[in-house]
Each structure stands twice: as C-alpha cells, then as structure tokens.
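These are the structures, in structure tokens.
Next come two complexes built around chain A: one with chain B, the other with chain C.
== the complex of A and B ==
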C-alpha cells in the first residue's frame, strides 16, 4: 500500500474507534480523564521504544497500559489520601507523567518517539495498521452487546450495582479499551491533540441527535471524516503536519454541527424562535381584530403587523385581505376566540387559584395565552369551575363547538 | 416470624473524617412502607447508599431480605436522589424504564419484545406511557421521578430503597406516587423511602424511622410521630456524641484529633 493509502485507512479507522469511545467519554463527563490518560501513557510508550527493541505495537501498548495504570493508581491515591479535588489531581498526575515522558525522550532519543509526541500518521507501518484494524473490528463487533451495559453503568452506576452488573469490571474494561484507542490516536495526532480525536466528534454529534446510539454512530462518522479530511489536506499541501490538520478539520465539523445541528444547533434554534415570534405576532393580530369586531376595549383598527405575518394568516384562511382593511374569516374568528378564552381563563386561574394580585394577571396571561393548548385549557376550566367572566368582568368565550351566551343574544 | 426485610446492626459510617451514622440498629419488617425521616445531614441518604454497597461502613453490618447484599442483587430496587442523575444524559424515558429489565438480560443480552412490554406496563402504571420517547432532561421534576419509579416497577424487586422520590414533585404527582407505593406494599414489597415533609409523614407511611446520626425512634408511624421524639431528632445533633465520634475517626486515620 502506498504511504497515503496507509495514512487514509489509518485515519478512518482511528476516527471510528475514537468516535465510539469518545461518545462515552463525553456523556460520562470525563474529557479531562481522557487527557490525563494520553499524558500518563507517554513514559510507558517511550520506555517500550527505548528498551523494547523493535517498535512492536503490542509491546508499546503493554508498556503504555502499565504507565496508564500507574497513573490511575496515583490518581486514586491522591483522591483517597488528600483533600484535592479530581480536577487538581488529574492535572497533577498528567503533568508529572508527561514530564517523565518528555525527559525520557530527550535522554534516550528513541526512534519513533516523535510520532507519539506530535503525531505522524504517515509513519504507521503494516503491523500498526493490522493492530488498528483488529482493535476497531473488535470494538464494533462487540458494540451491540456491550452498548447497553456500558450505557447503564455510565448513567447510573449505583443502580447497575444493585442489579448485580459487574460495574467495576465493566469500568475497567472501558478504561482499558479507551487506553488502546488513545495510544493509537496518539500516533495519528500526538499526545496533546488526542483530546480532539476523542471529544470533538462526540461533542459535535450531540448537536445532531438526542439518542445515545445515534450520537455514537454520528461521532464515529464525524471522527472518520475529519481524520480523513486532515490527511487529504496535509497530502495536498506537503509539509503541513497531519495531526493539527485533523484536529482543525474536526473542529470545523464541530462548528458546523453547533451551527446547523437539529438538536439545539444555533440556527435551527433561532429559526424556531423566529417562527414562534411570527406565530405570536399573528395570534396577537387575530386577537386585536376580534376585539375590534367586539368594540372592545376601543374600536380603533388594530395596527397591521409585518407583511409576512399577514400573508401567513391569509394563507391559513384566518383573515380575508381582499378589502383594504383585513377582516377575520369564520376560522380566524374561532381561533381568535380561542386565544381570548385562553387569556381570560388563565387570568382567572392566576387570580383565583394561584392568588396573584389582580393587577398582575393581564401581563402574565398576555404571554401565556400563546402556549395554552386545548387540553391544557380543559384542565384549567375544570380546575376553576368554568366561570363565564374573567377577573376584570369580561366574558370568557366558550370552548369551540359549544354554544355560548354571546351566540345566543 | 419472618426475618426482617432490612436489618442493620451497629452500623457506623463516616465520610471524610466526619461520622455520619453511629451504631445504627434497624429491623424493618417485610411488606411495610417505611418513611426514613430526619433533618438535613442526618445520614438518610448515606444509610441507603451503605445498604446498596455504594459506601463501605466503618463497622457493623447490613442485611437485605435476610442476606448480605451480594446474595440478593437484582431483588433490591434503588431510586437515586435527583441530584445524582445527569439529566443531560441522552436517554429517553423508555430507555430508563428498560434499565429495570437489565437483570434478566445478563451482561450482553438485548431487550426483546417482552422486556419492552414490561417497561411500557411500568410506564403505564406511573402515568408516563405518553412520554416514553421523551428525553429525561425535557421532563418536569414530577415526571422525572415517575420515570425512575417506572424503572423500579419494571425491575420487580422485593425491596425498594428510594431516596426522596417526592422531591421536586407537585401535589397531584405526590398523591399518585404515594398511592403507587401503597400498591407496591400491598403486593408484598418492602418499600423504604427517604422523606422530608413532617406534615405528611404520619399519613403516608406505616412505619417511620427517625434518624439523626443514630436511630432516634423506629416503629409504627403513630408511635413515632410524637413531639418529644421529633424534638429529639430535629432539635440539633447530640453534639458531644458527634464530637467524640469525629475525634475517633480522625484519630484512627492518623490525623490531628
């Protein structure tokens, strides 16, 4: 395989692997722990390169795992025997282990150490690739079986424990797998940028979907696409380092997700707010027309809202715009009466049940009327005993389909 | 007579050098609905967490259903305190209810139609079926508690330990939850509930435990809801007892007593 093909395959596999474990890193709020592991394994990696002879990925991983284990023991020791909080303990362990790693690198200058420090995806050989492919295949083959238990242990470990799930074993296995993913990702992007591979895809995916399974799937795809894009750009512009480019591509994907993601993305949220504002303006206009028809409070023609709002109301058959002054259609009249009913019911509820002072209720109801649906309205009417007058003495229009006093007179 | 469903003997627990529970002896009969009461910091949550093995006691022992916890896993239901749940976690109400069936699935199994049915039945019973697809973070406080109760129901345990299932709940939901707990008790389950509200405690529970560092009173609700006992539990800690215990714990850890 050519160097670029190797790099491309490695990028995709690393992206998939990190996307999977990164999802759990993000939902378990342990991004800092991931960072700690990537730094803590460095002394082990360097030791393997110095004394392990050939750069065998299994030996590198074993030494890295040993160092990572040492790191988490140190971490646990600090937490158990001092009053330090986890963030300080993480920072302490991370810096000490990284310092040892860097010192070892400059003392022994083993070949291949640079790849772990700064990331050098092109330096991966066939053996690395086979190892990476095995790890990825194993993860995704097991995924359907481990996903549920891992979710339960991540979400509510105390409950998992009383169910009899081996929480400790599952957590240990997760840490071990995460360490493998981190050691692999280090070779692609370097120690410091491992966090980008782990956290960024999952963070982006959270803007796309509310479910964990889909978050995980999208994170895997995002990781693969971002890593591949980084490799491609670095290939086009020789001399640019791959690791930082991968991190930047992932960041760009994150920005896209944060902007356009359907789940709390910035733009969809704004669009939804704008739609609601237009709906409320339209409803306020219907209500104003209704009051105008009923000669209350003062029979002045209501101010016309923006053209878009009027067009929308006309399109929905709520108002008739054939005359110079827009007028309510029967459907519009019914909708407006519903709004007035909601408003006055809510005023009555606030005054009678919630014991609001009477001069506070109008403003509250002015906001609430747009958010009270038919079911909620029935609930309120049941609660306050279906009065016919609101606290200000205005009649409450009857529910749609029911003959009311106003229709009879 | 049957063995008590929950039994502790001389249970002492400390947290960061501070004694939280001291020599707690309890025996809660099977098939009862018990309220665990006490002021803030009295050790109510700590007692539950010790019972489920989250916290290791300094001394003493606890048995559930007549056995050590390790022997009855899966028959013990636990509803955690609201604060210990990450409400941003991407799971739906149905996902939470399905977790109650996890015991039957083993480590690797995947829920089938029967498990879904059980989870939906539980949601039906707690009035949460219409919200099955909702994410837990989007629910009101009362709905969140009911989702976790559904998980407990789906689990079909023999003893339930619930940490403030009535916290952050509106009056109607509170009545619904209490009715549900009564149904569970009538079905022979043992239910132990951490509760805050003294006004309702006498009405809601068959039995009450008044806790403040140690067991101040335990027995049928009417016997426990007596002024002098409540004053004893809520009238401040027994300063001398907790001071000496704190010195013991700190000294034992080799610190300045």
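== the complex of A and C ==
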C-alpha cells in the first residue's frame, strides 16, 4: 500500500475508534481526564521504545497502560491525602508525567519517540495498521453488546449497581480501552492533540441529535471525516504537519455543528425563537383586532406588529388588508376568539383553582395563551366547569364550532 | 570565594539557575491563585493557547525577546478563556469539553503558523514540547548597564518582576475575589476584572516559561509551587514563602539531576519540583 493510502486508512480507523470512546468521554465529563491519560502514558511509551528497541505495538501498549495506571493512582493519591482539588491534581499528574517522559526522551533518544510526541500518521507501518484495524473491529463488533451497559454506567452508576451490573469492572474495561485508543491516536496526531480526536467529534455530534446512539454514530463519522480531511490537506500541501491539520478540520466540523446542528445548534435555535416571536406578535395583533371589534380596548396594548407579521397573517387568511385599516377575516376572528378563550380560561383557572388573587392573573395568562392548544383548553374547561365569565367579569368566548351565547355585540 | 565558585558552577550554570528560578517564581505566583480558584486547568488551556500569539508576536518583531510576544500571548490566552466561556454558557457545551476543544484548536493553529512562516528562522518547533532553556542560555545576550546577560535570563527576570508587581499590587483584590466574590464586589473591587487580569498575567508569564520548558511543562511550573505551598501553608505570606523556596530548590536540584542523568534541564526542574511536592505531602501527612 502506498504511504498516502496507509495514512488515509489509519486516519479513518483512528477517527472511528476515537469517535466511539470520545462519546462516552464527553458524556462522562472526563475530557480533561482523557488529556491527563494521554500525557501520563508518555513515560511508558518511551520506556517501551528504549527497552523494546523496535516499535512493537503490543509492548508499547503494555508499558503505556502501566504508566497510565500509575498516573491514575497518583491522581487518586493526591485527592485522598491532600486538600488539593481534582483540577490541580489533574494538572500536576499531566505535566509531571510528561516531564518524566521528556527526561527519558532526552536521556536515551529512542527512535520512534517523535511519532508519539508530534504524531506521524504517515510513519505507521503494516503492523501498526493491522493492530489499529483489530482494535477498531473489536470495538465495533462488541459495541452492540456493551453499549447499553456502558450507557447506564456512564449516566447513572448507582442505578447500574442496583441492576446488578459489575460497575467497577465496566469502568476498568472502559479505561483500558480508552488507553488503547489514546495510544493509537497519539501516533496519528501527537500527545497534545489526542484530546481533539476524542472530544471534538463527540461534542460536535451532541449538537446534531439528542440520543446517545446517534451521537456516537455521528461522532464516529465526524472523527473519520475530519481525520481524512486533515490527511488529504497535508498531502496536498506537503510539509504541513498532519496532526494540527486533523485537529483544525475537526474544529471546523465542530464549528459547523455548533452553528447549524439541528439539536441546540445556534442558528436553528435562533430561527425557532424568531418563529415563535413572530407567531406571538401575530397572535397578539389578532387579539387586539378582536378587542377592537368588540369595542373594548385591551388592558395591555400590544406592540405594533412588524410589517412581516402583518403580511404573514394576511397570507394565512387571518386578516384582510385591502382596506386602509386591517380587519379580521372569519378565520382570523375564530383564531382570535380561541386566544381570548384560552386567556380567560387560564385566568379563571388561576383564580379559582390555583387561588391566585384576581389582579395577578392577567400577566400569567398573557404568556400562557400562546401555548394552550385546543385539547388543553378542553381539559381546563372541564376542570373548572365551563364558566361563562372570567375573574374580571368578561365573557369567555365558546369553543370553536359551538354556538355563541356570550356575544352581546 | 563566591557561592558560585563554592558549588563549582560556571558563569553559564549560574545564568541557567537564575533563568530557571526566575521562570519558576514568575509562574508560581499567578499559578498559586489559579490553584486556589480551582482554575488549574484554565492554566493548562492558557499555556497551550498562547502559542499562536507567540508565533505572531515573533513574526511581527523578528525577535524572541520582544514585548510583542507578551502582547500576542496575553491576547490569545484571553481569547481562549473567552471562547471557552462562550461555548460553555451560550453554546451549552460542557466546560471540560469546551476547554479541550479550544486549547487543541489554538495549539494546532500555532503549530501550523510556526511551520508555515517561522520554519526558516530560529523558532525551533521542538521548543513547543521540550523548551530550550539548555540552548537559549548560549543564545543572544542583552546588555544592561555594564552587565551582559543572556536574553532568556532577561526575559524571565522581566516576567518575574511582572508577576511580583501583579501579586503585590492586587494582593487584596485577588484575595477577596478568590475567597469571597460577593464581598469583593461589595468592596467595589470588580472581581471579573481581577480574574481577567490574573488570566492575562498568567498568559504573559507563560511566554517566558514556554521558551524555557515548553507548553506542557509550564503547567507544572504554574501549579507545582502553589500546590506544594497549599499542603503546608495556612496563610498567604507563608504560601508565597514556600513558593519562592520551592522555585529556588527545584531550579537547583533540577540542575543537579540534569547533570547526573544527562537529561533535559526543564524536565529535570519539573521532576525535582514534583519530588519536593511529594516530600512536602509526606511531611504534612506525618505532622497532621
């Protein structure tokens, strides 16, 4: 296989692997623990390179795992025996273990350490690739079986224990698998940017969907696409380092997701809010026209609607704008009556059932009227016995389709 | 007989010790406040995020000892913290994930800028991870009065001076805002401004540490002295005393260690500092 093909395959596999574990890293809020592990394994990696001579992935992984375990112990020790907080403990373990790794590198100058420090995806050989493929295949073959338990343990360990799941064993296995993924990702992007491989795809995926299974799937795809894009750009512009390019491609994908993601993305959220604001302004305008027709000015005058709101109402056939002054169409009158009914029903409910003072109910109802649909209105009317007058003595319009008994006009 | 001659140190060794001590002291002062405020990982994020600022400052000035580096680094450090805040509060991304995303992105930008524009000049890519205190000591020298001192000693002295001034002038505001933010606000101290200043000074001292020991080991210089001090000190003056002693001892013991093991001096300073931390923890445990 040519170098670029090897790099491309390695990038996709690493992206998939990191996307999967990264999802759980993000939902467990251990992004910086992942960062700590990636620095803590360095002394082990260097020791393996010095001791093993060649870059045997199994030896490297064993030593890296041992060093990572040592890092976790050091952290637990600091938390148990000093007053320092987790953030200081993390920062200490991360930087001191890295320093030990750097000292070892400068003492023995092992060949291959550069690949772990800076990431050299193009330097991966067939053996690395086979190992990477095995790890990814094993992860995704096991995924259907472990996903549920891992989810439970991640979100609610206490409940998982009640269900009889071996929580500690699952946690340990997750840490071990995460360490494998981190050591693999280190060779692709370098020690500092492993966090980007783990965290960025999963954080991007959370903007796209509320469910964990889809988050995981999207994170895997994002990771693979970002890594592949980084490799491709670095191949086009020879000499640019791959690791930072991959991290930047992932960051770009994250920015896209944060802006356009359908679940809490910035622009969809804004659009939804703007739609709601326009709907509420339109409904307030309909109500104002209804009150005007009934010769009673509203207690609180609504803001003058924007031209867009008026146009939208006209397009929906709610108002007639052919005359200089807009007037309600029959459909608009019905919609407005529904709103007034919702408003007055809710006022009555608050005053009679929730025992609000009658002079406190209007503002509440002013907000609630826009969110009470026909079914909820029926429910409220049944609860309070279908009254005909609200707490202020104004008649409550009947439900749509029923004969008007209140209309004195 | 001078003390340096007593320890059979050459002039260069003396400068090396001075640079390490001043860098450790400069980082330790704002670092202690970061540890107290539980913002150690913000220190981590800043130490990585200043890289693009350093590279841009270097490209503007063409020198590693220019104030542009400090300005660029402080701007980037502040930008990183702002971005993390916004991602967390506006975007709804969890804080740890936001930190991870922002610092890796800024760091990548810095590495790319460095490779793209500064590859031909003497900004060494290895310095990002390893620091270059060993080699920089032989580098350019600046003349102050009749004294000719290595550039890295001058810049670390400058950042130590900055850190000491900052810690002395703002001591009461830092104290109030770290332990009791509402009280600080009532005193008219503007705790948010104090926090921003702390972050900016952190970014500024990290510039010197970055050149000396690299991005990741500067985190150790930020956190280790303060963390060691908090193990035994009960009051702020004692904490600052421990920080100073810790900085001096790690510079000296690190020097011995580097000589013995023939390894990177910056890493040796950090390992010596970590050893002091462990000893202090054991001592505090026994005494308690």
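Criterion: the second predicted complex is superposed on the first by the 361 of 409 C-alpha atoms of A that agree within 3 Å, B and C clash if a C-alpha of one lies under 4 Å from a C-alpha of the other, contacts with A are read in each partner's own complex, and residues count from 1 in each chain.
Definition applied: a contact is a pair of C-beta atoms (placed from the backbone, for glycine too) under 8 Å apart; a residue touches a chain by one contact, two chains touch by 3 or more.
Note that the structure is predicted; figures quoted are calculated from it, not measured.
On the shared subunit chain A, the superposed partners chain B and chain C are arranged side by side without overlap.
When the two structures are aligned on the shared chain, A:266 is found in touch with chain C, with no touch to chain B. Using the contact criterion defined above for the overlaid structures, shared-chain residue A:98 touches chain C, although it does not reach chain B. Touch criterion met: A:245 reaches chain C, while chain B stays clear of it. When both complexes are overlaid on chain A, the residue A:305 reaches neither chain B nor chain C. After overlaying the two complexes on the shared chain, residue contacts for A:52 are found with neither chain B nor chain C.
Chain A is touched at more residues by one of its partners, and among chain B and chain C that partner is C.
Of the two partner chains, neither chain B nor chain C is touched by A:398. Applying the stated contact rule after C-alpha superposition, one finds that A:29 touches each of chain B and chain C.
When the two complexes are laid on top of each other via chain A, the two nearest Cα atoms from chain B and chain C are 5 angstrom apart. Under the contact criterion defined above, the residues of chain A that touch both chain B in one complex and chain C in the other are 29, 83, 206. Of all the residues in chain B, the ones that touch chain A in their complex are 16, 49, 52-54, 69, 73-74, 76-78, 80, 84-86, 89-92, 95, 99, 102-103, 105, 107-111, 135, 151, 155.
Listing the residues of chain A that touch chain C in their complex gives 26, 29-32, 34-35, 39, 78, 81-85, 87-88, 90-92, 94-96, 98-100, 102-107, 117-118, 191-193, 195-196, 198-200, 202-203, 206, 239-241, 243-245, 247-248, 251, 254, 258, 264, 266. In the complex of the two chains, the chain A residues touching chain B come out as 27, 29, 83, 144-146, 148-149, 151-152, 154-156, 158-166, 170, 206, 209-212, 215.
Touching chain A in their complex are the following residues of chain C: 35, 38-41, 43-44, 48, 87, 90-94, 96-101, 103-105, 107-109, 111-112, 115-116, 129-130, 214-220, 222-224, 226-227, 230-231, 261-264, 266-268, 270-271, 274, 277, 281, 284-285.
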